[in-house]
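Listed after this line are the structures, all set down as structure tokens.
Look for chain A in each of the two complexes below; its partner is chain B in the first and chain C in the second.
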Partner chain A sequence: MIPAAQIDLRDASSFPSRRVEAWKYSDLRQVLREAPHPSPSAAIPITGGGPFEALGGEAMVFVNGRPVGVSTLMASGTQTVRLRLISKAEGTGHTVSARISARAGARLLILETHEGEGSAYVAHNRLELDVAHDAEVTRIVLADEAADVVSISQARVRVAPGGRYRQTIVTTGAKLQRLETEVTHLAQGADVRLDGLYLLSDARHADLTSVVDHAAANGTTSQLTKGVVRDTARGVFQGKIVVERGADGTDARMGHHALILGERAEVDAKPELIIYADDVQCAHGNTVGNLDQNALFYMQQRGIPADEARALLTEAFLVEVVDRIEPEGAREVVREWLTARL
Partner chain B sequence: MLSISNLHVSVGDKPILKGLTLDVPAGEVHAIMGPNGAGKSTLGYALSGRPGYEATDGAVAWKGEDLLALEPAERAAKGVFLSFQYPIEIPGVPALTFVRTALNAQKRARGEDEVSAPAFLKMVKAASAALKMDFDMLKRPLNVGFSGGEKKRMEILQMALLEPSLLILDETDSGLDIDALRIVADGVNALRSPDRAMLVITHYQRLLDYIKPDRVHVLAAGRIVASGGPELALQLEAEGYDKYLPQAA
Partner chain C sequence: MAAVKETIEAVAALEKYEHGFTSDIDTEYAPKGLSADIVRFISEKKGEPEWMLEWRLAAYERWLAMEEPTWAAVKYEPVDYQDLFYYAAPKQKEGPKSLDEVDPELLAVYEKLGIPLKEQAVLAGVEGAPRYAVDAVFDSVSVVTTFKAELAKVGVIFMPISEALREHPELVRKYLGSVVPVSDNYFAALNSAVFSDGSFVYIPPGVRCPMELSTYFRINASNTGQFERTLIIADKGSYVSYLEGCTAPMRDENQLHAAVVEIVALDDAEVKYSTVQNWYPGDPATGKGGIYNFVTKRADCRGDRSKVSWTQVETGSAITWKYPSCILKGEESSGEFYSIAITNGRQQADTGTKMIHLGKNSRSRIIAKAVSAGKSDSTYRGLVSVHPKATGVRNFTQCDSLLIGKECGSHTVPYIEARNGSAQLEHEATTTRLSDDQLFYAQQRGLSQEEAVALLVNGFVRDVLQELPMEFAVEAQKLVAISLEGSVG
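Then we have the complex of A and B:
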């Protein structure tokens, strides 16, 4: 049903260009004409435990694509995993291949961080995620890449009947960054939430693309993505929800809202609902605008300088996505991370 | 204290204020009355520095300083406070956060120490109780979902906390029932002091029953066309603005 681009960093002919509809706004071939040299295996000691260190749990770490420990994890019971994808390369490319499964009844929290410490590298992150019957998985992604890198992340998530999946991606972009999520919803009460937040400045580019496939009845999907672009940055949101024949009782809602704060900044949004079943509830809303000038004047009139007023309004706009994050500990880490970058 | 001389203000290409001259000494309350479209709200916006309200001629001195040269936030830090006819809703910013941010920004601009969170909470609790406001309301985003009366009380609460020295009240009575009007007027009257000046902009005399002005000015077609004591407001209420309209001249 959903053809995903099979990208192989060793083969330049596998890099999609804008002629491929799903990559229209994120032309990988244009920024990557040749296959990059493979990144060296980094025998670099890992310092610290990453942005989510204080939340504990076990670490699953990849440096330049290579697992430092395990690359496959089977979760049961209540578990927290800090999935750290560290890039310490200069001008080379690497691929992460991670696989995580949550067993029936498991409660798994995945705290995923993209930690860019090198420059001009190409990172390709592949994650396979299985959410079993009655399992509940929350995935929170903080993508903090260097400005001059190419980073493509592709997560494929399968949610079994009765499974619950919650995801929030928060990113500041890269030279070209794509964060792709593909969810196959085996429904029968399966419940999915896909949220996103992008805060882009300079010439950064972030593309949040998702495809949710409702393959059986009575599944729910709720999506909220918010973004802010400044300078010459470019934000891309592509959200596709497919309701297959027989997937009656599906309830799907998608929202994308962006603020353009630079005259040369750009947002491209493509919401799509493809519905083959009859008895469904689907809705999408999409807005792109500027900060409310009346609110800005009001705040300044009360003594808040213009820059501070803009930052406060921008934070207030974005924080709706952060407020939806559970658990509270992770929400506070994300809130501080974001505030520091406003 | 406030001295406006020959002020001309245009909005876009349209001249609205056409040579307005007015002095408000410290400690006095002056009412600006006038028909719709006379430029009453424009005066409030021009004094507070709203973008798009451009002074093309004239001068405004505030405590001896050129007010027109300052940014809106700088004017606020110097004590200028415009109470909006329709207070703006700020989604996502709790009222408490908003007021504390404003207060501390003003204090920073003046080189004063910021107010700590506990000290601020104490101030707000006292001020909101005096205005009979529900404290929990202040945890909600500023003015979002507030009734007309609640929004006006929120404006008075901000005045009480920010302690401005030039208060400009733009149609503060609009949308208030008589009980809310009394509470709002009490809040304003509590701020009357020898080192504050107030400009009360209003279409109707009603508000002036509660906030007694020292002087009343009639603003018509962009100029002050008459000035007098409180009795002028009563006369306007009885006779209307007809004789001040340009076609009647």
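Then we have the complex of A and C:
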């Protein structure tokens, strides 16, 4: 319904600027005036198994855009895939093109990690995901990249009747980082959860953009995004829920809540509801604010130092998103990952 | 069965637009089309000073270089700007001193409009008539301004802007275009070039305007774009409540209305601006013939502790494109926006507000209620932005949409831009249909379906209705019911 920007890293004219409405808060053209040189494609040794190593499963690895092994995967039964997108480049650019399908009735867990080991590179990740009839796919994304990196991730998800899709994105941002999810043509009774969490400091930027298109009846979407920005960081949330004509019985909830903990930090939000059916329940809530001064005062009164009190309150604020992650193993990895960065 | 028959008759009667009549008053037209010469013609007709003509011509030049915006969620046949009349003035002797001099047909029009504000009595010179000041804008030239003397006693200036240009050029020159610059947007530029008349209000320091000021807009001449220009200046510590109500006759060709309203509030001043807009929405089945309402309304809260409150009830027009906004420059200034947008038939409305927080501890509150029925589309589009230097900003936004029927649409597109850590911004939006249970309950108690819908919708929009001045609230409540007739069953 809404065509995503077709970005081609080899062609600078395909980079959207803020004049393009969907990129209003993430001006790619401004940070990337020219097409980057292609990243080196020579075999690069891979170290470790990524943050989710302990959870096992099959690894699907891309280094500088090149697949080490397969680039498409067909899942059936109960399966775990560690999708590792590794960038080991200096000032160059690369594109990942991956495709994953879950067969009917499959239970697939995708543990996606964006592992940045270089600097000033440009990464463009494209993921196509098909969730077949009665399949359930859970995608958890941990994006850990350097402060001088430009990174664009675009996931396109199709959910068949009775399919379930769960997603949680956790990121610390980059120079310009866009994590885009487009869930299109949700069929009858499809069930989607899209969560997000951003924790940004210094001059980092993260943009969580999503479009959920309900094309058939009785679909459910639940969205919760929380973020904390410090220093001069900039967090962006753009969520769009479309309910097409005839998609009656849709239940869509969207929430975005952000804390601004730096004098010059910025949060931009655009939660959109586009509705063409009348028998629906749709709502969104959006708040931007600071830590509760009363709570801080209370904790200090009880002998907790101000910094610690702030960290505790911030963690408590963010952890709501982590708590929604299933299964438990992945939840604990994300929780530790987050605590280490707080 | 009698009740059913009554309803059928009532609905049949409603299918004709209540204010769909045309009166024949001699109208003096400028030739069709728009050019620098037309701009000169308008300026000359109004006997404007040289600087004003230059201002208009500059706006015209800007307009030529601009493109019509397409981002709003509305679809309409493109307007042929060369196929419109830009000036039509009812033939009038200059400055009617008494009602006898006013064209009796004009008075008849007021009567047909059913002006509820008892201005009829005022216009008829009845002793002890209630105190409302009316600046009636008939087509493009203000015809009668009453209560001038009483207002003058406290120093309030309330007159057609064309007159203000002659009598208070320094005030007009200082403030005109200072809130909505000529090149602000396509329609504002067009308005700046060709506006024919409008209202001018100045409230001197410390004065609480003794009465509510009201303007009745009315588009009458066929094919005449109406380009109103309103300028309200509330000086330090003053207060004014301004009412704007609109009706228009039935017509087959689309009519363009591109008004500009500018409000300036200085230190401690308060302005309350209320609108009830009920222009012809077009044929319910085809959408043909309705008014295009492309309005730029903006308030500049320049002074510390100044306050501007917009309240609007939008039930008319085929296309509405309107975002009454507040620039909250002053410290502790506050802006409010209360809106009811009801669309039925083929109407399309894209409306909302902008709250731009520049001053410390500025506050804003947005309550927007949208009701869509029939094949209509309604969009709330709004912006809340907080400047890095504006500490302690508070905003609360609530947008609720109600859908009646399978073929309408309702959309919410809010933008929130926070650049300061001390800001507290809250936004919530809901979209639901009219509850079957509630409808059933009301009908069980003996209300007809339409009465039940009217009752429930009136409950839904109550928060906003309460913000309207008394006489408007009554009228608006009726409007809500009328606009939704025929939307269910």
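As a convention for this text, the second predicted complex is superposed on the first by the 340 of 342 C-alpha atoms of A that agree within 3 Å, B and C clash if a C-alpha of one lies under 4 Å from a C-alpha of the other, contacts with A are read in each partner's own complex, and residues count from 1 in each chain.
Basically, a contact is a pair of C-beta atoms (placed from the backbone, for glycine too) under 8 Å apart; a residue touches a chain by one contact, two chains touch by 3 or more.
Not measured: the values here are computed from a predicted model.
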#### Entry: Which superposed partner A:312 touches (first chain B, second chain C, both, neither)
first
### Chain touching more of chain A, residue-wise (chain B, chain C)
C
### Task
Scan A:300 for contacts with chain B and chain C and give back first, second, both or neither.
first
### Task
Based on the superposed arrangement, let me know which partner A:34 touches: chain B (first), chain C (second), both, or neither?
neither
### Task
Once the structures are superposed on A, label A:273 by its partner contacts, choosing first (chain B), second (chain C), both or neither.
second
### Message
Looking at A:265 after the superposition, I want to know if it touches chain B, chain C, both of them or none. Which is it: first, second, both, neither?
### Response
second
### Task
Using the touch definition from the top, say if A:328 reaches chain B (first), chain C (second), both or neither.
neither
### Message
A:320 in the overlay: touching chain B, chain C, both, or neither? Say first, second, both or neither.
### Response
first
#### Entry: chain C-contacting residues of chain A that also contact chain B
none
### Message
Going by the contact rule set out above, which residues of chain A touch chain C in the complex?
### Response
21, 245, 248, 258, 260-290
### Query
Mind pulling up the chain B residues that touch chain A in the complex?
48-51, 71-73, 75-77, 81-82, 84, 87-93, 98-99, 101-103, 105-106, 109, 141, 158, 162
### Touching residues on chain C, where the partner in the complex is chain A
71, 388, 401, 403-433
### Task
Using the touch rule from the top, collect the residues of chain A that touch chain B in their complex.
292-295, 297-306, 308-309, 312-313, 315-317, 319-320
